[in-house]
Amino acid sequence: MDNTFQENETVRMEAFSDGVFAIDITLLTFELKAPRHPDGDYSSVMLLHALFKQWPAYIAFGLSFATIFIIWVNHHRMYNVIRRSDSRFMYYNGLHLLLVSTIPFTTSLMSNYIATEAMTLAGFVYMFLFAGICATLYLMWSHATKDYLLLKRPAADVKVQTVRMGLVISIIAYVVAALASFLSPYLSLLIGFGMVVYLSRLKYHRERVV
Amino acid sequence: MDNTFQENETVRMEAFSDGVFAIDITLLTFELKAPRHPDGDYSSVMLLHALFKQWPAYIAFGLSFATIFIIWVNHHRMYNVIRRSDSRFMYYNGLHLLLVSTIPFTTSLMSNYIATEAMTLAGFVYMFLFAGICATLYLMWSHATKDYLLLKRPAADVKVQTVRMGLVISIIAYVVAALASFLSPYLSLLIGFGMVVYLSRLKYHRERVV
Amino acid sequence: MDNTFQENETVRMEAFSDGVFAIDITLLTFELKAPRHPDGDYSSVMLLHALFKQWPAYIAFGLSFATIFIIWVNHHRMYNVIRRSDSRFMYYNGLHLLLVSTIPFTTSLMSNYIATEAMTLAGFVYMFLFAGICATLYLMWSHATKDYLLLKRPAADVKVQTVRMGLVISIIAYVVAALASFLSPYLSLLIGFGMVVYLSRLKYHRERVV
Amino acid sequence: MDNTFQENETVRMEAFSDGVFAIDITLLTFELKAPRHPDGDYSSVMLLHALFKQWPAYIAFGLSFATIFIIWVNHHRMYNVIRRSDSRFMYYNGLHLLLVSTIPFTTSLMSNYIATEAMTLAGFVYMFLFAGICATLYLMWSHATKDYLLLKRPAADVKVQTVRMGLVISIIAYVVAALASFLSPYLSLLIGFGMVVYLSRLKYHRERVV
């Protein structure tokens, strides 16, 4: 059995992941750019108009920020019930981070193409990435909970099936959102915001009274 | 009652927030750009002139740096008197980080439009964001101190009303600064620098002698 | 003997290194850019075409991400068996970070030139940097294990020779990959992906059953 | 006496500073850019030529990386002998971080103007910033050691005068380097590299055998 990684390994891997999440969520800010202005006179009204024209960027920024935040919360809740790590779990986590760190790219796609015909594809890619990210969370969870392999004791408090179901539902919902962007990009975005609420409610272990 | 998040959750959320603050304050550096130069001869005098022409960027960089720093100090002082977190507090904190991470954007607006007519609007947006950030701090504080819900003991040392008042004053001051930019952008900036001093003096708990 | 740096110094240096690794791996995302589009109509098919044309960027992003991740794992495993640090170890570590933080640059070279004739040189530089990074890991390891100078006890569990050999093999493999890019860039990339697997299997100490 | 900040405050401020240092040192990588290439054929020889033409960027990157690293080491060594913080120390530290986070800007100046006539001024600004950074370290040290105010016990081990002298020498040396850039930019750079070695040798407390 390959148990190289101990508890303190789990701590470091989580800290490293936290770093990637924090940087990623902050890099989204590059989606928001001060509108270029020609030299010479430039009035507040013109700037206001230019700022309003950037609305797709604000929506993409807001949804991506909320989604990264809520995925971080879930990643974090998962680690909270995990006692140790092994190589496979580490690689699943690496894959998870790889996908998370491409969110600024798909966000940029969204905010660049949201007002064009190509938004259909941009929305599809954007939502499909979130499905993939939930799939890596599912892989991590499945592996960690198989025979209660990596769980903290008492494992009885861990909601193995609830989370498994919750992540499957999330994957399906994001695939639906991806496909929905062929019908209406705005429906797709709505599902995206709904998923932030849904994922915020996923509980990984029974609550104990403090 | 939804008390999923325990004390160690508070630690992680604070560490995550610290990461976002640290990255955000460092990303401001992108406001400072080496002036482009045409090929061929380019003398020190020409560079000096080009550097001086960038003065709005230096002011925006300085004020934003100082403000993020002092908001981090306040965020940090608040967490110092908080024992645990709940879902609502976590979302208020997420909203707080969302607003904080748009500071590089409004800073960029400021430094791009400070010398144009549109500075009025740029200054308004810039200061209004700070009002919003103080408002999220107020939300966090109100929720945490309601019935002493999330406070560390002994809660008697926590200056609940002082901080509440201080944050309300900050919100008002930043709204005034935002409106003042319609009169004079420079007055608005002055209020901004004054607020850095004011916020640095807000104490969250009674001092104990070490 | 110059033993200024104690155990808690090791902790901080590792935390600082972790920060640099986490930021570096996240900055790779700037390789992935939303394709520019002309104003006016822009269909999903055109966007799909533009996205496919960026395949070199995806390969470069993926390989660099995987390599930084696996080098971080190795850096981390090394620190796990090290008890304390001295000045020389600290400088070797600094040199290591210097090279690691140029990976986004060589990645950018790769993704810009992968489809041109100049890919030969881009591939050479890209792979040669990885050889250099493994060489700095080798320097760190050699110094730390000389007379078991900086190792944790019981040092008998530390696989001094295995790691030394593994790092020498890695250096050679990356030099071969660098030279291979003169024959075929794709062979070179294949070696690169193979090395991720190889480096993931390097064990720094004997496993103990938990 | 204003002693709001306790020991754990020192820990957080140091962690926050570490974050800013780590991000700053990694952002230097943006100085290194893949050379643009015209569409069509582009040979390895042409790329090699273009890469060599970027030598000023490599020198600026290397010197800035080494200097940030060694200033981080000094900042860190200082915090190692400090027991607690007060408001003034915190503001000096904030000012220190403000200056540190402008290094990517002056580095960009250097690498853009190193081969032009304007290098004189670029070199002056670049070196003068380092003098300012050492001056903020000096302010921090003076305040912390006044009446042994913020020092860890036993304060007798702390090399108060050695460090004070070392920082004064560093300020002077960087001012000399700044002025030297009017004579010869390369002499100035040489002093810069020398200072990295000098600052790496500054000891903040007497060594104890482990």
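Going in written order, the chains are labelled A, B, C and D, and every chain counts its residues from 1.
What we mean here is this: contacts are C-beta pairs under 8 Å (C-beta built on N, C-alpha and C of every residue); 3 or more make two chains touch, one makes a residue touch a chain.
Not measured: the values here are computed from a predicted model.
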Could you give the fewest steps needed to travel from chain B to chain C through chains in contact? 2
Looking only at residue numbers at the chain B/chain D interface, is the share used by both copies over half or under half? Answer same or different. different
Max Cα-centre separation from chain C goes to chain B
Using mean C-alpha positions as chain centres, tell me how far chain A is from chain B in Å, no decimals. 25
Let me have the rounded angstrom distance from the C-alpha centre of chain A over to the C-alpha centre of chain D, please. 36
Using the touch rule from the top of the page, what residues of chain B touch 2 or more other chains? 19, 23, 27
Assign the assembly's chain-to-chain touch graph to one of these shapes: line, ring, star, complete, other. ring
Applying that definition of touch, give me each pair of chains that meets it. A-B, A-C, B-D, C-D
In the complex formed with chain D, which residues of chain C make contact? 1-4, 6, 9, 12, 15-16, 19-20, 23-24, 27, 84, 87, 90-91, 94, 97-98, 101-102, 104-105, 108-109, 111-113, 116-122, 125
So, in the complex, the side of chain A touching chain B is made of residues 18-19, 21-23, 25-29, 32-34, 37, 41-44, 46-48, 51, 61-62, 65-66, 69, 72-73, 76, 80, 200, 203, 207, 209-210
